[in-house]
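The structure under discussion appears below in the form of structure tokens.
Letters A, B, C, D, E and F mark the chains in the order given here, with residues in each chain numbered from 1 onward.
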Amino acid sequence: MTLLWIPLLSLLGSIISSMTGKLTRNQSTMLSLLMPIIALGMSINLAPAVFAGEEIRETFSWLPELGINIAFRLDGLALLFVFMILAIGILVIFYARYYLSDKDSMPKLYSYLMLFMTAMLGIVMSNNIIQLWFFWELTSISSFLLISYWWYKSEARKGAIMALTITGGGGLALLAGLLLLGNIVGSYNLDIILASKEIVQASQWYEVTLILILLGAFTKSAQFPFHFWLPHAMAAPTPVSAYLHSATMVKAGIFLLARFYPVLAGTDLWFFIVSITGLATLLFGAYIALFKHDLKGLLAYSTISHLGLITLLFGLNTELATVAAIFHIINHATFKASLFMATGIIDHETGTRDMRKINGMWKFMPYTATLAMVAAASMAGVPLLNGFLSKEMFFAETLHQQLLGSLSWVIPVLATVAGAFSVAYSARFIHDVFFNGDPVDLPKQPHEPPRYMRVPIEILVALCLIVGIFPSFVVDDILVAASFSVLGGYAPEFEVALWHGFNLPLLMSAFAVTGGIFIYTQRRYLFLFQASLPTVNAKKTFDNTIYSLIKWSQAKIGAIENGSLQRYLMLMLLVVLLAAGWPLFEMNQLAGATDRTPIDIHNAIGAALLMIGALSTVIWYRTRMVSLIMISVVGLMVSIVFTRFSAPDLALTQLTVEVVTIILLMLALFFLPQRSPRESSSMRILRDLGISSALGIVVGSICYALITRPFESISDFFIDNAKTGGGGTNVVNVILVDFRGFDTLGEICVLGIAALGIAKLLINLPLFMPGSDSEGRPWAKDRYPSLLASISQWLLPLALLVSFYIFLRGHNLPGGGFIAGLITAIAFILQYIAHGSNWITERLTINYRKIIASGIAIALFTGVGSWFFDKPFMTTWFDYFDIPFIGEIELASALIFDLGVYITVVGATLMILASLGELTADASKEEVNI
Amino acid sequence: MRLDTRFKWLPAPLLSISLFFAWLILNNSISNGQLVLAVIVAVVIPWVTNPFRVKQPRVIKKGLAIRHLFLVLYDIITANFQVAILILGPTKKLNPGFVKVPLDLTHTTPITLLASTVSLTPGTVSAEVYPWQESLVLGQEPEQRYLLIHVLNLTDEQALIDSIKQRYEAPLKEIFQC
Amino acid sequence: MELLYAASVGLLVSCGVFLILRSRTFPVVLGLTMLSYAVNLFLFSSGRLSLNSAVVLGQSSEYADPLPQAFVLTAIVIGFAMTAFVVILSIRARADLGNDHVNGHVPEINNKRKV
Amino acid sequence: MIQHLSSLPILLPMLAGVILLMPPCGKSVSIRRFASVTFSLLTFLISVALLLKVQIDGSLVYAIGDWSAPFGIVLVADPLSTLLVCLSSLLGMVCILYSCAGDDEQGSYFHPLVHFLVLGVNGAFLTGDAFNLFVFFEVLLIASYALLMHGGDKKTTRAALQYVIMNLVGSAVFLIALGVLYGVLGTLNMADMAQKISLLQGDDVYLAKIGGLLLLVVFALKAALLPLHLWLPNTYAAAVPMVAALFAIMTKVGVYSIMRVYTLIFGDEAGELAHMAQNWLWWLALATIAMGTVGVLASQDLRKLIANLVIISVGTLVALVTIQTVEASSAAIYYLVHSTLVTAALFLLADLIGRQRGKVADRITAGTPVAQPALLGVCFLIAAIAVIGMPPLSGFIGKVWLLQATLNTEYSMVFWALYLVASLAVLFAVAKAGSTVFWHHQTNGSKNKPPANMATESSIKDRVQPVQIVAVIILVAGAPLMSLFAGPLSEYAIGAASQLHDFNNNIDLILLGGK
Amino acid sequence: MTEWIISILLLIGGVFVLVGSIGLVKMPDFFMRLHGPTKATTLGMASLLIAAMIFVSTSENSLSVKEILISIFLLLTAPISAYIMIKSAIHHKLDSIERTKGKHNIEDDV
Amino acid sequence: MLDTVILIVFAMIGLSLLLNIWRLMVGPSVPDRILALDTMYINSIALIILYGMNMGTDLYFEAALLIAMLGFVSTVAICKYLLRGDIIE
């Protein structure tokens, strides 16, 4: 459990510090420091074992099905990073205590910082590569939160989003790479993967995997050309920069190179990509750093440059270069963290970071200045400081690289140039800030910072010196252990020492220092030269790219989702046409094998009327009234078709529905314009005609293909069991109320819901009530023609009688609850038409909502009733009883179910039609009063 | 003229009888079960629909009513033949026209019956009853009602009016005693 | 006869589709109604066409396939509910949006043309 | 009662709907709310109980009316369907809870309609009969039409009109598809169809293919697969948020149907028609992801953004479903639950945020500060991390899983590239939206100063109400919980997927009652 | 014998229905067209229905009179349909042919 | 003989229906079309009755009855629309 505790403690710390809002700053800091200190203690405790060559592992099961487990491993490399993460983390927390102003929330910063710390610890200690990615992404999230700490600043938000986008994108590439890697090896376990170099490098996926993983590493460690997010991340508070952008997050990318060095390195591809990227970054960063007026900007580019250096070292594919890389990781962390903190102090004390304003700080804060100058010297690679040592090793290793053949001299030369620039910007940092005359309009009067704010810098600078002077004494163990892990269980012979004698690397160093000072003295010309160059602003490019991408997306979306239903429908119909038409072409023969029935006069006339009706509806579609009349012909003919082809129930249903539909359409006609304007172009009409006839032909052909084919279905079962099992002779009805009663239950729900929905639509409906018809004729004066009113009184009881008749016989003969319900509804609608809805409401107050609910409830409870007989839902029951005088009668639960249907239909239909009617009735009442 | 029935529970006896028979006819059966149902229907439906009835004069002279019914049926048959001949004959010889028949009847039901009769019988179709309810001041009764009819072949307007009044309106007046 | 039936269905589909592609709600509603006629006839025919064989036991010697009939019945009812909803919705849309265009606004070209 | 458990996720919402229309629920708001919440909770609990029972006893087949398949309608409660039933019941409950803050009174019949919608969705998940599926589709559609109009404005009406018309045409296509399939196979019980489809000969095969493809069109329309997705952005953005949240399950009904039908009926055993649309679906799914990605980048308000996230999730799901392996299907199942919960949560959050930002509402521009930045911010952050697919929440597992599952397929690299680009776009868009909405204030006079006390700027009435936050938290909690319990959940998903792909077992179960 | 009766009734019915429809097509104005269908069809329909009634009664050997109901229904409704159609025609100010007498009797209904 | 007669009458009814639809198409006025539609309803009743006789069944009687009832209602509804616009006011 020890390993798990290290990140866990830091997570705990994050949670604890988030809750210290009510405490004083010191208490909050102390509490926050507690957990990482314990964790650091634990890791120190584990160090001897690791130094002894042991690798400590811990595994917990989490998602075994996906090969993802919680697995930790502590080897030399991990230990090195754990030390760095925790130690610098502790210093940063301590430093932040003094850095943050009263307005800034301390718990929030601490909490985020420690969340970040957790993520970093997780990365370096992962023994499962998916888990590694898990923590990798967590660093992206927590760094987003940290960079946007001052969320009200626009540059903080933008910087955070940029960092998240770039590192997040890299993270996605990394994930892909890791998954591929895992797929090649067959495991996500790091132990297994690290031991599978041959398999991986022989795989056809090796190149892709390598590139994807390197993308992850390069974006995170701000390698050229993904570097540009880093300077903008400087919008974060300085402690955050000190931590994330010098010691940890950017190092995660470096860590990744080190971690996968044993599996991925050693190939030419690795060399070319990694070393060239590193070299480019090294040079580019060093060069740009010189021109930054912002202190943190300078440090940011310096960081980029140093990360390039480390990357280049890893790319060189030699063992000693790797050792040098690891060594430089440590050194860079110490001097860069202290420089950031020093910058923070200067910023804090002067209120600006602009080097053009900040001058002569030596006078105001000599102690801080000394510390900063030592750290800067280390950055420049001045002897007696740690930076010198690793840079010396770096120069040495560049000389050993032969892969470029006759061009091999390029690397050491460029390395020296970069070294010179790094001396130059370090010189600028020292001279321009602490000397160079007097300050220019500083917002604040600077003086030395609080005593304890300097402590972390003191510690780090001390480290720079100790390592620089007694290297082997201080870093040998950890360096050996780390190299051991990176090189895959093998550490090369090396000696870290201050003095190696006069050799080429020393000469290079000398060139770099003198060259650097020369550059700095001649900086005026360089600045002029730089200003004459076309400005390549990476951020602007990024912003512009994003902006044009968004604009492009909006244009595309706007063009596609243009809100035109006709287009949406057209697309859909085309898809339908394709789906239905394509297989049709594959068929050998459209027509099936059954004998055709000859056409008789009855059918011919029916079909003619149907077709004429349909075509007329289309022809007159702009004169809505006429097309409405035409479509009723179609409806009538459809029901005649049903009668013709042995479906009396369908015919009855179609007829009743038809009338209600017509009434509905009449209502629509009243409230909608009565004519359609001519607005389709003839091209449009042609196009529509084309697709509609194509669809018609396709559907017609399918229909023809179907009905001419022999056929077997499950229906014999229904015919055989209707009477014996369902108690009725009308098989269709028995299917509806028994075999498939569940469909019917759903269907009445649909009807009920539709009615509710319609009532909903009508609430607060502002009506357009035309005062005249389409030809401008005012409406007739006679509201309720007397003869109609008179006859409708007679028709109501008659219709109810018919309805009752239809209802009762449904089970055995054509009819049933639905048809009966519609007849009843229509009978009432006739009353509405003849007398108006006020007249009706005076006589009858029905809450249709309750009627619908009762109807569904009856049907539902009939179905539930069977539970009491231990049968599944809707199991029907029927029996025959011999009653004196009356004779044998059949009682069936299906009839009650059908009653439910009946009631729902009546309620829903009346609700649909009457609620609209009542709406206008209210409106017309007022009209009458006027 | 009488507007109310004798039995509260049987608001419309004539309707009930019609429904009773209609039920039996529909079911094509006079089994005991159907008889029971017919009675139920005959009682329940008028009772349910009673709120929707506007009180109208009742049939007093039942015998006369039946006789009149047969007369009308006979006229319908002859009317059909006459109209068939008119239709099939040359159209140019037809002299259509609108005629306004002044009415003695005042209630809707008898007027409806008259209008229907007119529509079903020789060459005439009821077109309108004047005046409309809407053109009257609220609650006021019209002084004189008219039935507007369209005649397919109008020869003698006054004779037509007389024949309608005498052949159809007068019996109705008597049947309903109004 | 089968050909005639299929042709009728096809024609109904064509007419329905053409109307659905119109720009105003009322023709679209008509189109939907027409389409549902076509679809019901189509679904009905999936049990094949048979004359004089209504599926009422004891009434004929052969029986048509009752299952598609039951399906069509359900489809008719559901279609009715949907038509009702879309009709009222069109009224609502006209009231809310001030026009009866399916897109809720009349394209500018038409406004110009009117003037 | 326990033996009828399978039917309860359908019947209980129906009962709830009915009772809510009756007195005293019809009149009194508080009674109505109480009854509605209670019923929705009950439905959810029952669904969970069903899931547990299926876990213990194995899949259940419930023959409605005691008529066994293929003659009667059977409900099939298997691990997949019960999981989705739980999900929809949960969403229903959350939606109702959320509405109790007052949104339910913006229009009539809100509560019964939600229950009816849940009824339709649950029915669609459980039924084993293709025509019955149509009926439940219609139930859920008509309920959705009505709910879409709840508390809406002009924009809603316009969106609703188009949504309704599109879906009516879709229903017509559904019926034609069923007609063709019945006309060829003579049955509409899905298991029976599956059994009969391999026996088809000659041109009948092509007819069945037409039926299958048309069904696919319908499901693709519901699922919002390119090019049938166009209805979705406006519809979801126009709906009242809790309705939009509830709608999050509706696209999943389409996906689920594709999953069912194309695994069971047109799956491995379908002879000539096995996996007939696989290629098409695959590329359409990819195109859908691409379209959603462009949409995400183009979105100018939160709700549009979320709607486009839904489209991406649909594309992803369909791509997974197309692969037709247990691994891919299990990834799909996990991802489906995750994406549904998180998009639903985001819809609710978008509403809460929008309300507190006054005029700018949920537009992604500088505006009034949110009155409760901590509460809403944390919830949004969690949901955002989940939807982006970053650790430590459910989205991360979904992402890893689905990438893993697609790895060894034919065009895996195309999918990977596309999916990763989409993920990046989502990452950027969501981060940008979140930071703009929460952090970019119009009122900041001086840009770089922390704003003064913000709580006073927004009125008290826009503060989040307890029921609302409970609703949001229930959904948001899904993300960490699904990650924490990823082990058992993945086991469940794999079990469900294996059963989905076990053709013979499904046939035996449904047609022979498991014997 | 019954077959004869049925046949004659059927033919009468068919002829009258046809005549009604001929009237519908042939007559020069709406008001005149109306006469055919309203009247001719009542008798035509009645004949057909009575034929059917006899037919069913004889073929099933039991009295079937329900077709009567349709006749009654048509008798009740046909005049009202005619009335309301004329009403709407008058409202639409449909022209009757010139020689129509008594046009002044029509009152303006708006 | 009866079969022949039925066939003849079928032809008559069919011709009537064709005449009806002709009037329906030609119009010229809306009331003319309504009249044609109304006639068509009634002629359909004849068609169905004949069909029942042809097939020797009375299963289609109800269809005829309903057309009689519902045809009336639709005619009334359409006319009411022409007269008043709002049919349920």
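The working rule: a residue touches a chain if its C-beta (ideal position, glycine included) is under 8 Å from a C-beta of that chain, and two chains touch if they have at least 3 such contacts.
None of the values given here were measured: they were computed from a predicted structure.
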Touching both subunit B and subunit E (chains): A
Contacts common to subunit A and subunit E (chain labels): B, F
Reference subunit A; chain at largest CA-centroid distance: B
Chain whose mean Cα position lies farthest from subunit D: B
Winner on C-beta contact pairs when A-B is weighed against A-C: A-C
Chain closest to the middle [Cα centroid of all protein chains]: D
Centre-of-Cα separation between subunit F and subunit A, whole angstrom: 61
Where subunit C and subunit F are represented by their mean Cα positions, the distance between them in whole Å: 21
Separation of mean Cα positions, subunit F and subunit B [Å, integer]: 23
Subunit C and subunit D: spacing of chain centres that average the CA atoms, whole Å: 29
Residues within subunit E bordering two or more other chains: 15, 20, 22, 34, 44, 64, 66, 69, 73, 76-80, 83-84, 87, 91-92, 109
Residues of subunit D engaged with two or more neighbouring chains: 131, 135, 138, 142, 145-146, 149, 158, 161-162, 165, 169, 176, 179-180, 182-183
Contacts with two or more other chains, residues of subunit B listed in rising order: 22, 26-27, 112, 115-116, 126, 132
Which chain pairs touch, all of them: A-B, A-C, A-D, A-E, A-F, B-E, C-D, C-F, E-F
Subunit A-facing residues of subunit D, complex: 1, 4, 7, 11, 14-15, 17-19, 21-23, 26, 62-67, 70-73, 107-109, 112-113, 116, 119-120, 123, 131-132, 135-136, 138-139, 142-143, 145-146, 149-150, 158, 161-162, 165-166, 169-170, 173, 176, 179-180, 182-184, 186-187, 189, 192, 202-204, 206-207, 209-210, 213-214, 216-217, 220-221, 227-228, 230-231, 233-234, 291, 294-295, 297-298, 300, 385, 388, 390-392, 396-397, 399-401, 403-404, 407-408, 416, 420, 423-424, 427-428, 431-432, 435-436, 438-441, 444, 447-451, 486-487, 490-491, 494
Contact footprint of subunit C on subunit F as seen in their complex: 55, 57, 59
Parts of subunit F lying in touch with subunit A, wherever the complex brings them together: 7, 10-11, 14, 17-18, 21, 24-25, 27, 30, 33-34, 37, 40-41, 44, 47-48, 51, 59-60, 62-63, 65-67, 69-70, 72-74, 76-78, 80-89
Touch list for subunit A against partner subunit F, complex: 601-602, 604-605, 608-609, 612-613, 616, 625-626, 628-630, 632-633, 636, 639-640, 643-644, 648, 651-652, 655-656, 658-659, 662-663, 666-667, 669-670, 769-770, 773, 779-780, 782-783, 785, 788, 795, 799, 802, 806, 813-815, 819, 823, 826, 829-830, 832-834, 836-837, 913-914, 916-917, 920-921, 924
Subunit D residues touching subunit C - in the complex, by the definition given at the top: 131, 135, 138, 142, 145-146, 149, 153-154, 157-158, 160-162, 164-165, 168-169, 171-172, 175-176, 178-180, 182-183, 188
